[in-house]
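Some structures to go through are shown next.
Next come two complexes, and both contain subunit A; in the first it sits with subunit B, in the second with subunit C.
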Partner chain A sequence: MGYDKRFDGRRADQMREIEARVGVIPRADGSAYFRIGRTIAYAAVYGPRNLYPRFLQDPSKGILRCRYNMMPFSGSGERVRPGGNRRSKEISMVTENALMPVLNLDDFPNAVVDVFIELPQTDSGTRCAGICAASMALADAGISMRDLVTSVSVGKVGSSLLVDLTYDEEAYEDEPVSDVPVAILPRTGQISLLQMDGEIEKDELIRLLDMAKKACWGIYEVQKAALKERFNCVKAD
Partner chain B sequence: MNKDSKEHMLKSLRENLRFDGRRLSDFREISLELGVSDSAEGSARVRIGDTEVIAGVKLGVESPYPDTPDQGNLIVGTELLPIANPAFEPGPPGTESIEISRVVDRGIRESKVIDIKALCITPGEKVWAVNIDICSINDSGNLIDCAALATVAAIKDTVFPEFDGESVDYKKKSSKRLPLAKSRMPVTVTVVKIGEHLIVDPGFEEEAAIDARLTVASTAEGVICSMQKGGDKAISTEDVSSMIDLALLKAREISKVVERA
Partner chain C sequence: MALCVNEKEIVVPGEVLATGMDNLPASGTFRDGDQIIASRLGIMEVSGRLIRIIPLSGNYLPKRGDTVIARVTDVTLSGWRMDINSPYLAMLSLKDATSRFIKKGSDLTQFFDLGDFVAIKIINVTTQKITDLSMRGPGLKKLPEGRIIYVTPSKVPRIIGKEGSMVSMVKKNLDCRILVGQNGVIWLNGSPKAELLAVETIRKIEREAHINGLTDRVGRFLEERLKQEAPSSVEK
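Let's look at the complex of A and B:
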């Protein structure tokens, strides 16, 4: 018996329920809330603003700085100790790389754009939810962008190729599992985040990327709707 | 805050009017939501105007502190997350964050709202640890009252996970709630002195103009259970007396919001 029926009854290519809102943190220059199933991400953008200490400054362009953080009570088991660890540092770095291709910070030499991602509740797919929230928050902050960034995890449980794995699916014990978080730039279909752990054949990976792309176009519509909702009070004269 | 802005603020306070239209003793609207993070054993979101805080409770089994072998462990932490305020930076807790943690901790501990002895499993060996973490989402002033309110709401929401004597199963919630004395639920109100005026629930502009403040935690029975004076100006006994009166008056109003949740 393979894993052919998902625990929560979803189709193989079906994401969990998504909720997105923009402008949720009034003090921030831009902010967003993104929920996929039980995973919740807040993102806030501050900047472009002065960057100190000065040796970090780049006189040719502004820099992007991301911080991914789980709240202490957001893990499914014991309390997560506050402060960074190796995992959160790496996720912060790949988040920067996932967002950078759509940003143009040439007009902000020596400045920084800070993106803070905070998770109050998690059930896998946290870096992807963080990236979705962050790209909406950057748009809300009015940073010039070529595109939004959309992100979802895909993977293989047993012999089934699936979109948007939950914690229970990632922890499936009876069969091998592989997990592939992906970020897609929806207008061009290009990939700005790709990680993978587990075992997978090359042609399966290509099929998974195709599934991720289709799912991301769905996310893109939700992101756009949330941004339009935020600014629908602004009417042209 | 510069001198002219403060002069302007004082002028309007003399007319019982604040920058956002409130009177001196008005709170902004308070909203309270329980169960906002199901990975925590208890959680709550509190908004006071635009200020927003999430508090979460994680329970674990630990060994007790050597000086209190028959009591559970209570730990309060505050994360002033950098999403909440342009001046907050990532990193270990600073003095502001530690002050909030300690003032909230004293309110919970000294009010005896949690029956801490009932958290003992085997004296000297195993006790329940109540880890309360306060996370700021947006700081538009008065984080401390917001944090304290989110904390009492979160402990009210807390349910024990299953424990078989050896390990905790976080996936299974039991039907057992945290042992609370409802009448001792502390409500924390900070009264702020600007010039000769006393106000409650300062916004972030008002916080920048503070001369002194007094944070008072009190129970529904009107018992004062913890206090903290802040700000760099000294206050008189008369000030203390009127600040406490105002804090207790406001606490009665706010405790109704907690009861409804």
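Let's look at the complex of A and C:
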């Protein structure tokens, strides 16, 4: 047996369909929509703005605050308890850490950049979709960045190494599954997020990272096109 | 020397703009090895050896010497705290507000009350963005009537135009007083119709700021709109 044919018929190194739009939330300073397959992420950026309570302020540079949230009706439709939980708190933290290496907030002492990530529909890879959306929204907000951040999950189902796992694949019961979300800065190839759920051999992990890198370049092109489209779509009349 | 992107093209953070050591990174860009890289979303501009990004979005950062439009948010013992549409509040101290003698303990709201808008100058900004304001200077005044709109601060230079050409064209055509603050706050005062048309024009400028031939386009737009409204209905 073995899991060698994917449920949705994709190749092992093929991502789901990707769609990205920028400027979807007019009231926010920057915003973006990112869809990969059936996972949808919205990100809204507010700031840099005043930060209270005051003890959170950093007089040497601005801080980044992320909030990751799955909506109650997301996922398979079982109602999730609204609001934060231990999982969302952890993902908010790793999202912050994944985005921070590219941000330059030296010009904004004592201020904060707030990033809100909402997921109305989820089918695995949510933190990755959130990071992709957030990095576009931060660029849209005019914040100084060294690079965009791209992110995708890779993993191993049975003995196959796969890119962009769906929920069905992550929950595969017949064989062990490991799932590795990765965030990559496309210009330098640096990794700003690397987590794993499961077990894996060293050489397999190296191969997975290689696959993730290739996939991320694909995502980067989509992000770039969406950011440019935001202004190129304005036509003079 | 090689530019990797055409001039006036929209670039995203992390995009390589040029390779080689012939160019110098200016605002919105940085150097990494022998590459010059964009750090903002904006339009690339080359002037001489300098490569810079004209940002298309972003907040206002207070700069010394800028004339801005501020809103009074607090009245303190020795001055006023003001919102200048940036992440940081600014202070106007009593001695920079007026040359009149003010008795100790008198009510400062008689000069500027909460919610008042003023055209004001930034005289000092520290590294921690503590900002001092002053009312001493030509054209600085309280703005008691009219309407206020907010635009993207990075588009202010296009709204003002070369040596004020754009804003004075709008003013002349519409008979509406307009004051553009560097912080993206704009004050308009005229007949209601003129104000509305001025707002519409400014929104158009803001939306199309990055497309060439803006002045001509706005001129045509104003002409058309004025014709539509029939010459007599726009009150002069």
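Just so it is clear, the second predicted complex is superposed on the first by the 231 of 237 C-alpha atoms of A that agree within 3 Å, B and C clash if a C-alpha of one lies under 4 Å from a C-alpha of the other, contacts with A are read in each partner's own complex, and residues count from 1 in each chain.
The rule we apply is simple: a residue touches a chain if its C-beta (ideal position, glycine included) is under 8 Å from a C-beta of that chain, and two chains touch if they have at least 3 such contacts.
The structure presented is a predicted model; accordingly, all values stated were derived computationally and were not measured.
Shared-chain residue A:I36: touches no atom of subunit B or subunit C. When the shared chain is aligned, subunit C comes close enough to touch A:P59, but subunit B does not. Look at A:F73: by the touch rule set out above, it reaches subunit B but stays clear of subunit C. Using the contact criterion defined above for the overlaid structures, shared-chain residue A:R49 touches subunit B and also reaches subunit C. In the superposition on chain A, contact of A:V154 is made with neither subunit B nor subunit C.
Counting contacts by the rule stated earlier, residues 49 of subunit A appear in both its interface with subunit B and its interface with subunit C. Listed in rising order, the residues of subunit C touching subunit A in the complex are 10, 12-16, 28, 30, 37, 39-42, 55-59, 61, 87-89, 127-129, 154, 207-208, 210-211, 213, 217. Taken together, the subunit B residues at the contact with subunit A in this complex read 36-41, 43, 50, 52, 54, 56-58, 60, 77, 79, 81-86, 90-92, 131, 133, 135, 137-140, 168, 170-171, 204. Listed in rising order, the residues of subunit A touching subunit B in the complex are 24-28, 31, 38, 40, 42-44, 46, 49, 67, 69, 71-79, 82-84, 114, 116, 118, 120-123. Residues 29-30, 47-50, 59, 102, 104, 107-111, 139-148, 185-187, 223-224, 227-228, 231-232, 234-237 of subunit A are the ones touching subunit C in the complex.
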